[in-house]
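Dropping a structure here in structure tokens format, bear with me for questions.
Chain naming follows the written order as A, B, C and D, and within any one chain the residues start at number 1.
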């Protein structure tokens, strides 16, 4: 039987105290209620930790520190900062395999959506939030995604450089995304809609 | 106007509990003046022998025709005082209790004068009520002797034996051609590893040969009407097309063309849970009782293809084949019914991720049970249906179809209780038979809660069964084998377990018996099983008097619990049947024929199917054996035709008026 | 056969060839595409996380544009299908729809919920139908081993379970067979290309894509067909870097369904934009042209 | 002399009445002007009894049955709740105000609940003053 995941590294994303302890305090017991009130998190209460979701997850195979069942358990236990500060919250590829397989229809994938919404609202930093904010900015400014702009905002020029020869190859084949954004003619309408949507309860 | 009454009021001091707070003398004096009260007396202990003798003496000497005993709560001595009144010659139902202790002296012990005032009001209220009471006779109604037990699994069999041995006439009705139910198909039973048939067949034989048990197999209850003290069942006995002359030589099955290689029609054997095919004429399993072959008319060529094929009739040495047999209709009258219709295994096909139905090597636990049976399709070894090779690696998956999402139509929300132990049982049976087989049990919570279960679970570990905490993400194909993706919480590792066979521990769901339940007026609980009278305190009776439930029909349970519940159901039924007579609760509804407009309103609200409008007479008739006296009908009846004895409108209004501030003399 | 055409963002930018190919195939098969130039982005999950209400409102606006034309909405991307179909399902609830319509009214639009969101694969197999498609094939795929790469969102978009079995899909294989090709199945065909974490955890995306490419190669696939521009971008443009991440180059040309169908229909490869691919598609095109059947 | 409201309390034999017994046994007190009448089930609670009680001068009517789902006769308490809602509208029409009628539940083990409810309801009716139907 092939053991698919490499040995476990130190739990990424957990802040050690001065003495190096990784112990966390369950600091917000009603965190699960907050998530349940956020779109996507409605059914979190009835998760019985059966692990079908983690068994279906394509990310966990490659990154054992990302464990969707454990993430839900950490929410239910009230480890708010431990969850919202975890960079791996942004490692989920949104493939919805867990949502399809969950026997209790708890929709773990959509719980990640809810957690990211809360993390963004609280101004958490990191590559994940940066990409989400870049994406939202592009929609607000252009109505659609300006690929080049979003990528540069997300990974910065240093990140672009790390792409190495890829950018050149794409340029040569005319596959490079356009550097100039093409906002929709009705971008005013889109912006008015986004503003109005904000007031929708 | 009510005629002149001779009412007696007896006030109890309760040794100070009442008299320390309530001025009993003042209450007595005020009651004496009340119309119809010929005696108002008080005594230190009404409930003592002396108190009771005083009561009886006064009743006899003064010919009292109504008594109010003002003492403690009626829950304590109402029955005692009524019994004493009856001995003294007065109709017991003309005696009422005024609760001047718990609901007066105890509750208002700091306000003596208010308590005294209240005592007067309470007694006055009961006196007015007694004035309007009518004498009641405690009637008895005959109960039809005999019990019908529906379903001949272990629960039905056990209940039938107990009742028959008690002397009751039992009719045991079984839908399939043989008795034995699901237990007969399980190879061994946990946690004792007894061979299922060894423990079951003696009981089956005992049922088969018992002179007070009438066994009706291959038959279904088409209709069950309840009437006072009796259930009338219409049972349809399907024709077997095989007469009793059958000597069991099995030649017909050997020669029957159905399910052979060339045959256009093939039938999956229900007994082997679809692992094998069976002929149109068949005996479900060797120890089947009755030992009678059966022709399945839906697949038999004679019936389906114009009556040309008569192979079985030709080869039968005993000439036992008779195509002309017709369904028999059996009318049955019994006093009690026990529903023991059992369970069926959940079909995991809707759970696409497990691949049941798509991958031939994905099985259910019942199919594995059939494989482990030495007489079974694979002679005792768990093998791959795809190529028949013995399985070297087996992965079992728990909670398949159980513990699902609330309201999900494809699965059940409840835990089926037994599948964990079934998995442990099959795992260690496999390890004992072929020790080097790798067996994995993928579980969420392994529930080994019963007597001897933990030891059984730990023993399976000693045999090398591997337990993985986590349900799989997907069962997929890898060449000739299957691959099970599962993340194991215990080791924190993500595993890909190659498996020759994947076994799904499928849920238990109720056998579909909706028509039977509808005709018995039984409802089901949200999980679809038969609803017991009370989930905690009364799990064997049902809302319908005289109908009891036992075994998995009432909810998932193992054989041990089924037997205990069957025993309880049998005892409840025996108590209900009693000596053939049922004492009726007099405080039930009765109908004043003159006022009844046959509008059915009472029937609509009655939860106990206790009142029906007689079609010819067009008057509502109360079935006093079923009515519980709750009075719902009295409120919806537009003309006040129906009322509950001792709680009629005039009687209640009388006590309201008597206790009201602006007391108005009637 | 008229649809409101919603190409999405990537199919008109870095993978512009897919928009080209879709228009060519549509023209060839007589499908009229009504352009929704002013439709906004479907949110791709990102906007759903950052601002779910705005995402729902924008998708409702797109759906109302299609409804105004009285046609269904055609997508060519798994992710667009997922999030537009999800918004459409939420908007079937009258209360939610009224709430969103109140917002849409600000920009004098309204959505009644009558539009169906359909992917190119559904339109090809259900509306055009296998017989008509086969009749139009000029370059049968012949003995070309074509592997299907479903990706994840198309299989899990609301309502997709009625079109294909999410656990063991076979609709793309069906399409390949109709086009005269030989479908090749392999384990990774229903797993994820990792596009959605490309800018956050690129290593994960590359290892996912790399693994799946090698699995397809091992199963004998000579070209992969995918219904989604995001998978197309990762599997084609990032195939080199993915190969490095898993230590072996698959060298598999990647075709979006629109291009595969375009080639089979005999459309000039230039108009299908195959030149823009990083993994050269030329060998596949040459193999097909040799067996081109010039039908009347 | 403060106004002492007279309350008619219709209690079901299995829950309300037993709760009152338990309150007494536990020596809990509640106003003595609460007069308890025993019914087998609140299901037999007829709107007429409420109107009759008010007509005869009671200032408030209390109906104490079982909690939903634990009625000895399965659904008597549910029918009572519907009937009391109907009679509440009649009380409103009569100008008596529906607050003078309260349908509640107390199980056989909730003597405390019975005592508190009886006390609180009597206080509420006391604040509302005597029933308009009462003579001066």
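Throughout what follows, contacts are C-beta pairs under 8 Å (C-beta built on N, C-alpha and C of every residue); 3 or more make two chains touch, one makes a residue touch a chain.
Just so it is clear, the structure is predicted and the values come from calculations on it, not from any experiment.
Peer 1: Which chain's mean C-alpha position is the greatest distance from chain C's?
Peer 2: So the farthest one, by centre of C-alpha atoms, is D.
Peer 1: Suppose each chain is reduced to the average of its Cα coordinates; what separation in Å results between chain C and chain D?
Peer 2: That gives a centre separation of 68 Å.
Peer 1: Between chain A and chain C, what distance separates the C-alpha centroids? Give it in angstrom.
Peer 2: The separation of the two C-alpha centroids amounts to 23 Å.
Peer 1: Determine the centre-to-centre distance between chain A and chain D, using the mean Cα coordinates as centres, and give it in whole Å.
Peer 2: So the centroids are 57 Å from each other.
Peer 1: Let me have the rounded angstrom distance from the C-alpha centre of chain B over to the C-alpha centre of chain D, please.
Peer 2: About 36 Å, centre to centre.
Peer 1: For chain A, write out the residues touching at least two other chains, lowest number first.
Peer 2: Chain A, residues with two or more chain partners: 97, 100.
Peer 1: Which residues of chain B are in contact with two or more other chains?
Peer 2: 353, 474
Peer 1: Residues touching two or more other chains, restricted to chain D: which are they?
Peer 2: Answer for chain D, listing residues that touch two or more other chains: there are none.
Peer 1: When you check every pair of chains, which ones turn out to touch?
Peer 2: Applying the touch criterion to every chain pair yields A-B, A-C, B-C, B-D.
Peer 1: Would you mind writing out the residues of chain C in touch with chain A in their complex?
Peer 2: Listed in rising order, the residues of chain C that touch chain A are 9-10, 13-15, 17, 37-38, 40-41, 43-54, 56-58, 61, 82, 99-100, 102-104, 106-107, 152-153, 156, 166, 191-192, 194-197, 199-201, 204-205, 207-208, 237-238, 240-241, 275-278.
Peer 1: Inside the complex, what are the residues of chain B that reach chain D?
Peer 2: Those in contact with chain D are residues 73-75, 99, 101-104, 106-111, 114-115, 117-118, 121-122, 125, 543, 587, 605, 607-608, 628-632, 634-636, 644, 647, 649, 652-653, 655-657, 659-664.
Peer 1: Which residues of chain A touch chain C once you look at their complex with the stated criterion?
Peer 2: Per the stated touch rule, the residues are 39-40, 58-59, 62-63, 90-97, 99-100, 113, 116-117, 120, 127-128, 131-133, 135-136, 138-139, 143-147, 150-151, 154-155, 159, 164, 166, 169-170, 173-178, 184-186, 189-190, 192-194, 196-201.
Peer 1: Write out the stretch or stretches of chain C touching chain B in their complex.
Peer 2: Within the complex, chain C contacts chain B at residues 165-168, 187.
Peer 1: Could you pull out which chain B residues touch chain A in their complex?
Peer 2: My answer: residues 353, 399, 403-406, 408, 411, 444-445, 469-474, 485-487, 489, 492-498.
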